[in-house]
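Both of the next two complexes hold chain A, though its partner changes from chain B to chain C.
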Partner chain A sequence: MVYFINDIITGALIGLLYSLVAMGFVVIYRASKVFNFAQGELVIIGGFIVWFTTMQAGLSLWLSIPLSLVLAGLVGYAIERIFLTKLIGESVFSMVMVTVGLLILLRGLVLLVFGPAVRPFPIIFPLKPLFLGDMLIPMNLLMGGIITIVAAVGLSWFFNRTRSGLRMTAVAEDHVVASSMGISVKGSIAFAWVLGAILSTIGAMIFLSGKSLTFLASDIGFAALPVALFAGLESIGGLILAGIIIGIAQSLTTNYLDPLIGGSLGSVVPYIIMLAILLIRPTGLFGWRTIERV
Partner chain B sequence: MDPSGIFPTSYRSDRRIIRTRWQVLALVLFMALLLLAPYLVSGRIIAILNMMMISAVIAVGLQICTGYAGQINLGQAAFMGVGAYTASILASKTGLTFLLTIPLAGLSAALFGFLFGLTAARIKGFYLALTTIAAQFLFHFAVLNLPSTWMGGSNGITVPPAELFGLRFVGETAQFYMNFAVTAIMVAGAFGIVRSRFGRAFVAVRDDDVAAGIMGINVAATKANAFLIGAFYAGVGGALWAYLIRFVGVDQFTLFHSIFFVAMIIVGGMGSIVGALVGVFIIRIIQEIIATVGPNIAESVSFLGGDIVFAGMNVVLGGVIALFMILEPKGLMHRWNIMKSSYRIWPFPY
Partner chain C sequence: MTYQTKRGLRGLLAACAIAVAASMPLKAQAETTYNLALLSDFSGPYADIMPVLAGGREAVFTWWNETRGKELGVKLNYKNYETRYDAAQVASLWPGIKSELDPIAVVGLGGPDVAALSERLPEDKIPMFMATASYGFAWKPDSWIFNPRPTYSHESAGFLNWMREQRGGDGPLKVAILASEASPAYVDMAKGLELYAEENPEEINLVEVIYTEVQPTDLTGQMRRVVRAGAEALIIQTNTSIVVAAKRGLQANGSNIPIMMSSHNGLPASGGALGGLDQLEGDFEAYGMAIAADEDTPARQFYETLVADHGLKAPWNVVTAMGVSQGLFVATVIDHAIEANGAEGLTGEMVREALFAGPITTEETHGFLPSLTFTPEAPFPLEGLKVNVGTVKDGKITIEAIGVDVPDVQKW
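Right, the complex of A and B next:
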């Protein structure tokens, strides 16, 4: 029973990590109506920036973390300036395809610049797990979960209550209408990408803390995709619930079903959930009902 | 191309694929050159042509699904994988002839594609792209985690060579004629499909699905059909691939390969069969250049090792996709068509 509860808690915390990465998707979607397939690559780039500032440049953590976040923001801004500003008002297909192109472009660039080698990642959160009675909770996931919840509440407030947040929401509704209302579509999209890159870097810190870093870690981007979809692409608060549900489902499958069938069903559970959501309720739990049925 | 001032006067003449005598000549010359290619060029080029023809079958299928019917498909490599696995399992376990395994591979891929196409009845746009990505991951999962006696697991399957009346299709040249025959049939079929009732329904759904529905087209069935046909092509291409490489493994059919196929039709031009072929030609040439140049660069930057080809391919294709989406979203064929029509109507402005 203790193990069962422990599995649930760990699953929920991993789910919260997915939520944080998924928050990158949602923030970019919420402020620009672009669905960013390259989110996992942003996580990896964030990871390499953190690795570079700590392990290569030898800065202390207190200095390197803020610096990494600033650098990640700059990368996000550069991507937006180079690729997305020119596509404002273009079709959904163009936007999707450009981020798909970005996905393989960034993957290739990371490989070319950093190579396929495995690198140690700095220990940002204490390695010693937290013991609650017989239960064992990884410290990085626990801290990460707290950061995720704080970020979700903050961003949720920003997008739903403040004036500038609501402006960005208008951009997500329609680029042309937003710009004719005097809202800067370019500014909104740029802000979204900076924020998305920063969130991805925080995600990388939590995910990789004390582990090793290779370009394969970008798979977390695709693991987070079902969470974003389950919550509904416009809802930041909903990510918490969606992440917890998917994380628990995955954890229980990995720990109880996989030994029975002798496979790794756990890794594919999020996609099965995603397919089910797409078929039953494409708007997700809390998304806007804007999907056109045909 | 008809000269200025001559317009088709019947549907039959409007639908004709070959319009002038020069086109007949060009087509015959092109086919003859391809048929004689094994006697004209070296084995290396034949190997490249083999890859091009297989990619052409798959890219043409993607063109029908994405370019004509407008359904974003990021799972074409998974559909290709289903075909490749079907063909190799049938060939290695039951010893069926390739005359049967290739169509059966197409059919099984078509069934798989149709299942995911059914979701297109409910969702569209990039949500659809997400289900095709899910198809990609589910395919990977199924191969790796089903019992390895079924699909070989992570070891892959070795494929026996294709055989017909005691004649074994081994070696690049023999493979070349087999691929040539299948590719010719498939491409000719694609020209037929897109100018038929189905093809016109695809274009109508792509341009405006609400309007298409009002005109009496069953939109959901049309979208599912587009996936069915696109996946059938991918399955046939996958079977050819299995016979060419004689080995299938799950790493040959990843999301990245799907994106490569998408890059081909973006470069060539959406909504044009010839565009798909042009795109395949250009992207495969780029790939060959990277594969040739890459190792030389890798020697000077040694830490990369063998990954440089994959990495370089990703950088170039990612850049090409993004550039084309920004600068020339309709692809090279669009530019060519503009030139053609302005030549045709010269000296009038329109």
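Right, the complex of A and C next:
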């Protein structure tokens, strides 16, 4: 029974990590209605920035972490300025296609700049797990879970309670209308990309702490995708619940079903849940229902 | 200088130029060139080891061209093709490779190449030579794809039997496998050992087979199950990221169950990804090929020759050894084919026939591979199979065992 509860807790924490990465999807979507297919690549870029400042530049973690977040924000800003700002006012589809191109470009750039070698990622969180009786909780996931909840509460408040956040939501509704109301569309979208890149970097630190860094780590973007779609692409708070449900389902499947069937059903379960919920509720659990008046 | 001297010099230069120009086509006619298609992964899951592996195999072709090729009047030309370790990519590239290069042999990399080309190569009559161990799904008679090593499951079974003997006592060795469904080859590695354990319960007690992603999020829970089951060895023949995640999972559980890795995810690669070889103290790598340890072996001496005289820049490690052994495997078979058929008009079919005609001796591969005798029954030698075992002692890779017998593994 203890192990069962432990698996539920670990699953929930892994789910919260997915929620954090999915937050990057949602922040960019809420500000621009663009689904960023390159979210996993932003995680990699963030990971390499942390690796570079820590392992290459030799900075202490206290210095390298804030510096990495600032640099990641700058990368997000640069991406928006170079690739997306000129598309403001164009169809959302063209912006989405740019993110597909970005996925390929960023992956290629990582290979070009950093090379293909598998690198040791710095130990950001203690490797020693937390022991609660017979239960064992990985510290990176525990700290990550706390960070994710704090980030979700903060961002929910920002998007729902502040003028800047509400302006970003207005931008997502219609660029032209928002612009005519005096809202800086460019500024809102740029801010969303900065935020998305910073969230991805935090996700990279939790995901990769003490492990290895390669461009394969971008797969976490696809692992987070079901969480974002399950929650509904507009809901930051909903990501927490969606992440926990998907994480627990995945953990229980991995630990109890996979050994029986001799396969990896655990990696498919999040997508099954996502498809099931989308069949019942196409906007996801907490996605906005659009009411169009004709 | 007088006008006449200048004229004389010009005439002499012109005569020299004509002589050089005239001799060039003659030289080109004397040298027969054959093409090799090298399938590579510089941007996929093995991008980290590819430059080193490619360096090893290319250096051998350079060495062969400069030594044996010169004697025979044959040059081996090669070209790398980027496959991203993706079967679909290999399948789509193949028609272009064939028409562009018309190769007499393909130098393959891994499972996707086998999956994509196993049906095509017999039609095209071009053999493919691998560096890796073989696969259960490719274990068929009349193959056109050949591995110098038996299947990964043969290699792990050989290692586990050796480990059980080292442990002593009665009872089977408790073993867990960590694999991934990301590639058919990874699944295949696990399935073969599963079958062997099933058929030999007195040797191996397989406590669990765990499938995970190629970059796992966390394996603490999975490793706890392995520890609780009392596993004495953990087999990971997939990639370095899984080794790293498993090691962290074991460390979190306060366990030091020895991990056995293969050549492509071996001790140097996984140690590097963990931050140092010392992290893998007491873990193993096992495969049917020379161990790239510090000891002075014939393989090491040949590597030094390649570095000194033939431009090899890769470091001495298992990946370089894999590339060099593959290059030697291919070059030796072609050498045999030329001996049997002459330097002119060599075809892929002749190269394949040469493989069955006689053994490739360990001397011919400078100790990189054991003596190999191929038959049309399997894509790898069925007899005399051996594995070597390397480990980390005091932070250094050392040879733990050489020529460990590989047991009979049934087809799966």
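In this section, the second predicted complex is superposed on the first by the 290 of 294 C-alpha atoms of A that agree within 3 Å, B and C clash if a C-alpha of one lies under 4 Å from a C-alpha of the other, contacts with A are read in each partner's own complex, and residues count from 1 in each chain.
By our rule, a residue touches a chain if its C-beta (ideal position, glycine included) is under 8 Å from a C-beta of that chain, and two chains touch if they have at least 3 such contacts.
Bear in mind the structure is a predicted one, so any value in this text is a computation, not a measurement.
Trainee: Using the overlay on chain A, decide if chain B and chain C clash or can fit next to each other.
Mentor: Pair status: clash.
Trainee: After lining up the shared chain so the two structures overlap, which partner does A:260 touch, if you call chain B first and chain C second: first, second, both or neither?
Mentor: Neither partner.
Trainee: Once chain A of both complexes is superposed, is A:274 in touch with chain B (first), chain C (second), both, or neither?
Mentor: In the superposition, A:274 touches chain B alone.
Trainee: What is the contact status of A:129 with respect to chain B (first) and chain C (second): first, second, both, or neither?
Mentor: A:129 contacts chain C only, not chain B.
Trainee: For A:117, is the partner it touches chain B (first), chain C (second), both, or none of the two (neither)?
Mentor: Touch status of A:117: both partners.
Trainee: Thinking of the overlay built on chain A, is A:1 touched by chain B (first), by chain C (second), by both, or by neither?
Mentor: A:1: touches no partner chain.
Trainee: Overlap of the chain B and chain C footprints on chain A, residue-wise?
Mentor: Common to the two interfaces on chain A: residues 107-108, 111, 116-117, 263-264, 267.
Trainee: Mind listing the chain A positions that touch chain C in their complex?
Mentor: So the residues of chain A touching chain C come out as 3, 6-7, 10, 14, 17, 107-108, 111, 116-120, 127-129, 136, 138, 140-141, 207, 210-212, 214-217, 219-220, 223, 251, 254-255, 258-259, 262-264, 267.
Trainee: Please name which positions on chain A make contact with chain B in the complex.
Mentor: It is residues 35, 37, 83, 86-87, 90, 92-98, 100-109, 111-112, 115-117, 222, 225, 229, 263-265, 267-268, 271-272, 274-275, 278-279, 282, 291-294 of chain A that touch chain B.
Trainee: Going by the contact rule set out above, which residues of chain C touch chain A in the complex?
Mentor: Listed in rising order, the residues of chain C that touch chain A are 42-43, 45, 47-48, 50-51, 180-181, 194, 208-215, 217-218, 220-222, 224-225, 240-241, 244-245, 248, 251-253, 269, 272-276.
Trainee: Show me the residue ranges of chain B that touch chain A in the complex, using the header's touch definition.
Mentor: Checking each residue of chain B against chain A gives 70, 72, 74, 119, 121-127, 129-131, 133-134, 137-138, 141, 144-146, 209-210, 213, 219-220, 223, 256, 259, 262-263, 266, 303-305, 307-308, 310-322, 325-326, 329.
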